[in-house]
Amino acid sequence: MPETVKINVEYLTRVEGHGNIVVDAQNGKLLQCLLEIVEAPRFFEGMLRGRSIFEAQHITSRICGICACAHTLVSVQAAEDALGITPTPQTIKLRELLLDMEILDSHILHIYLLAAPDLLGVGSFKSLIGTHHKTVRRALRMKKICNDVCDILVGRHVHPIACIAGGFTKLPAEKDLAAMQTLLKGLQSDMDATVDLALTLSFPEFERATEYVALVNDGPDYPLLSGDIGSSDGPRMDKHDYRRVTNEFTVPHSSAKFARFNRESYAVGALARLNLNFDKLKPAAKMTATALGFKPPVHNPYLNTVGQVIESVQCLDHATRIVEDFLEHGIDQAERVLVGLNEKGTLPVRAGNGVGAVEAPRGILFHNYETDAHGAIVKANCVIPTAQNVNNIEQDMAALVPVILHKSEAEITLALEMLVRAYDPCISCSAHFLKVYLQNQ
Amino acid sequence: MKMEKVLITDSSFEVKPATIVRKRVLTDKEHLFEIRLEGGEALNHDPGQFVEVSILGAGEAPISICSSPTRRQGFEVCVRKIGKLTTVMHNLEVGDTLGIRGPYGKGFPVGILEGHDLLLIAGGLGLAPLRSLINYVMDNRRDFGRVSILLGCNTPQSILFGDEVDLWSSRIDVSFHCTVDRADPDWKGHVGAITTLIPGETIDPDYTFAIIVGPPVMYKYVIKELLAKGVPESQILVSLERHMKCGLGKCGHCQIHNIYCCQDGPVFRYDRIKNLRGAI
Amino acid sequence: MDNVVLDKNKLNSFIVQLRARHPVVAPVHRGYNRYVFDEVENGDQIAIPYIPTILPPKKYFMPQHETLIEYDTRLGQTLNVVVEFASLVIFGVHTCDLAGIQCLNIVLSDRPKDLHYLFRKNRVFIMGLECNDYCDEYASCHLMGNDLPKGGYDLFFTDIGEAFLIHIQTLAGQELIEDMDFLRPAESFHIKALQAVRSRKKEIFKNEVDVERDEIPELFERGFDHPVWREIGNRCLSCGNCTNVCPTCYCYDVKDIPNLDLRSGRRVRVWDSCQNEPFAKIASGESFRAERADRKRHRFYRKFKYHNDRFARYYCTGCGRCSRTCMARINLKETIAALKQVVP
Amino acid sequence: MITKPNVAFFDFACCEGCQLQVANLGEQLLDLLDIIEVVEFREVMSEKWDGIYDVAVIEGSITTPHALERIERIRQRSKILIAYGSCATIGGVNGMKNHFELPDIRGYVYGGAADAYPTMATRAVHQAVKVDYFVHGCPVYPPEFLEVLKCVLAGVPYHVPDAAVCVECKLNENVCMYERGIACLGPVTRAGCNSWCINNDNICYGCRGMVSNPAQNAMRSVLEMYGIPLEFIVRKMDMYNTCRELDEHA
């Protein structure tokens, strides 16, 4: 019974980005329990300084290739907020479609390639190819379809091309919409099979109630693209007040910033969204939740993966409806925006301060740009979902370790790795945004 | 639009299947291959012509035929490893197959050369194409007048076809000189640029054809020396290397003004191209 | 042969009926100044009048990427020469582009023949369309003698007001429209209308540069060292646009594309451009047209001299594409005009 | 090929989007796995390998002394090393920070804690160790990646196209952005992406790096002609190509 354990998982695998888990327990007493973020810092916020607000999307998309569309969407939202541009209803619908595909794609990646190997007890998706060949094929097929839809809509999924501040440089023609519809239809049976797979998985039992934070709004739809900041513990806040929610602080062991709101920590992501907005799910997603025995509020972080399955159903459903709607009512091609128009200062720019808040696959994501009168960025701040979650993950680990301390070191390690992976952390993102404020200005 | 696909025959892009029957490592960069067309078919080439070698997956490349049509059943090519095709080719062994298109281009006009003195000048890998003519001349020695061979190389180690070079240099009916840019202690011969060999040659300008094959930089200087010796421009022949893709006078890469190196050349009379800026 | 008349309001039926036999490609408008030849389903999708399409119809004779050969090395080094093609009708080809196709026909049937090109050529029906007025200021079709039709089509359309007068030049063209009962035989007033169009064109179309066509060979004969080459060479970005859009450029590269199994694959031909840096570079690194001025000059000489010497025909049709697409605003008309200026 | 070559993927400072492009190949990935043996791919695999890598695929730029040591170690263990994605091949967006004084930018992002995060000027991988193959692009263009991989497996060089993006742009029948008065980096950027961005009505941002002999003076006059401030294009050029300076001074 190794009541004394020293765990040091370097370069945690199957998460996006680099993180280490450090646990130090002696004689049954937990001395240290950390999730270290060791990703090389990339200084995006610094690099944005002096750049045109119209370039912000292109640059910030490169923060994270996994949720490049979410960064794009939040960036254009913040830029439009700063410039005082209101997107058209058509633009908003197309952006919702893009976000649906992003979340779907990311969830599929996480469910099948990152989480499933643990749950099915193999080392990685590569071993799955042997043991669960069909499953792997399905996963790759689903990912490809999400990508193909994004290709049609914005040129590509990783670092989308056509989605810029103001709208889209290119709008789908009717045959493009028809192609998307066919693709999405083709996804349906694979989605059913995904739910069936989820039914066979069993998750570790562990509960720890925490604060859940996600976008909320008054519309009828499950809020992903816009809204206020909602919390399970407190009142609704305007997105411009995001700093009062995130309250970031640094800790010595991590290059990510930690966040806390009404309690010592809070969680964002699929679980948070479902705990706050479950009622707005479409019937298909609700039925999936019932089938999977998911009844909010859910306090088991491992079930984040189940939440992702439910959201995948929701996103597919929602995306299909958008495409059908466009097929019925047509797309106004006149709304295309011309890129780079502002090279000669043709668009009105102003000194402003804009905030974007979007539900990225891993949770609420904020971008905030302050511009000068020429539309150049003077200050930028980005708060990444994983950065908000890290604190909560450590709290979870601290609660979990004492309970499982009697197990073997390998078992403890696996349990912790699985816990961290359940949050689907995107460490590359969070390390890019270790943010501290201008000390000398 | 629905596309249909058909097989066609007699296309210029078709290749003749061929087999490597002998391989000799000349240096680590240059290998010599003897190739035989399937069914023993003769290539029927003239000295100075080239073939397009095809290796599926690696592409095609124009390679000079370096053997004389008077010798062997097959033909030989000497290949320097530099890119895709040439790298793959170096890895081929005896018995391996490849595809051949050609022979292409206008080679050395042996009919016209007959009865004349020959001054054969090769630099580096230029010896490969010239070797086809040299051996042709050796095999028909009495049809020609005086024959001199001038050879220039980087280093003694980079001399290609060493055994044959020895043979030529030992023949009494051939005058042979070799020079290297950089000598080593064992080198007994000449050191310096190939141009330095020319003044020492006894030339009867009216009866001499000078034939030059070498790297692009070499031509200008050698021609200058030859003209100084009084060799008429119409009796200086050069073989030019150009980027070449098709060998069919279409792809445009090898074009020099209005001539196509692959079809109108690679061997040219100097007087015909001297006014084409960039040719030499 | 004959002339028939197609009422403009029947263009749609015409296209729909054609389509029943062969796919039809025609100029379509794709946003800002972007005209392309693409497949159409009906007459409404066709953009007429139009300024020359970004790429000329040569893409249907010699596609940008074209499979020449398919192979499988498990079967040895033998290969299958294949042609991918579609029998189709190209509708609405301007006279300059008809001339372009004729130019390509000439070079690519010169020995050794390019069978891939010729195979497709024999399966394409060409329907020309007369320009009653200039497309824009870049054209120099009159100078090059291509503002009026000179063959190269199966059917040729002229807009004579309410209707198109169709000149039937080939039997194949005749057969294509045989069962179209909405076509009427041309009457004498139709022919008069055509003559009226032509005489109006005489007033509109004039030499676009102050040069006579017959003077051109001379200009190039003595213009090799003209400073204009250095001047445009200094402005050129070697983007290759001018050659890629030219209806008479046909330079290409050939390369192998193996499949993922690394055993089978294709040998493909891709358009190449003499303006590209590596075009005339050999394996040892020397480039024979390293200077942009040399490359620009080479392009112009291919249009106005080299091919003329070989095939007795200009390889510029006057379509204006190269000038239209050049971001550095290197203009063919200005270049010819400059060439005429004798330099002290 | 008798045995499948061992291939390992490593990431340095980057967004990991290029690795994701591998997963995005879809079922084609399974065909790929028929010809290579992926032995390490941290993003999606837990397995580690301690032998010699036949092929190491490197994503990301070298930005810390620790990374420099790590890439050197990987180089020693690899027969073939591929720089994969713009961060690796040309420094990419990470290079932008080179334009700020390092202490300045560190201070901006980390405030007082700056010293805890050692960093150095961003380097492309070839500016740290020898690189055998380059797959440019931000993100990489999957068909090109497969082309390069096939060359690697066949043991032949891959020639990165040294023509402008414009070539592909025209083959795809786009109207030139300059015709609309908009600056595009296509003319100085090397082709190979099939003019991805312009096909989607955006401009080329130069993510693949510059052609070997960019017409810099001509480019400048073009910008002048269209009334586009030079500083604008320089800024845009910097987005991906700042690390080029390290090559020039090398």
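Labels A, B, C and D are assigned to the chains in the order they are written; within every chain, residues are numbered from 1.
Going forward, a residue touches a chain if its C-beta (ideal position, glycine included) is under 8 Å from a C-beta of that chain, and two chains touch if they have at least 3 such contacts.
Source: prediction; values computed, not measured.
With respect to subunit A, maximal separation of chain centres occurs for B (centres as means of Cα atoms). Among the inter-chain contacts, the highest number of C-beta pairs connects A-D. Averaging C-alpha coordinates per chain places the centre of subunit B 41 Å away from that of subunit D. Subunit C and subunit D, compared by their mean Cα positions, are separated by 37 Å. Chain geometry summary: the mean Cα position of subunit A and that of subunit B are 64 Å apart.
In subunit A, the positions touching at least two other chains are 336.
In subunit B, the residues that touch at least two other chains are 57-58, 83. Residue positions 154, 180 of subunit D each touch two or more of the other chains. Chain contact summary for the complex, subunit D toward subunit C: residues 1, 28, 31-32, 34-35, 146-147, 150, 153-154, 162-164, 166-167, 170-171, 173-176, 178-180, 186-188, 211-213, 215, 217-219, 221-222, 225. Subunit B contributes residues 57-58, 83-84, 87-88, 91 to its touches with subunit D in the complex. Residues of subunit A touching subunit D in their complex: 11, 13-18, 39-43, 45-47, 49, 51-52, 55, 58-59, 62-66, 68, 109, 113-114, 117, 123-126, 129, 136-137, 140-141, 143-144, 147, 154-159, 161-162, 164, 169-170, 250, 252, 255, 336, 338-341, 343-344, 428, 432, 434-440. Taken in their complex, subunit D has these residues touching subunit A: 11-21, 23-27, 29-30, 33, 38, 41-47, 60, 63-64, 67, 92-94, 96-97, 100, 104-113, 116-117, 119, 138-139, 177, 180-184, 196-197, 199-203, 205, 227-229, 232, 235-236, 239.
Against subunit C, the residues of subunit B that register as touching in their complex are 1-15, 17-18, 54-60, 80, 82-83, 97-99, 215-217, 241-243, 245-246, 248-253, 255-258, 277-278.
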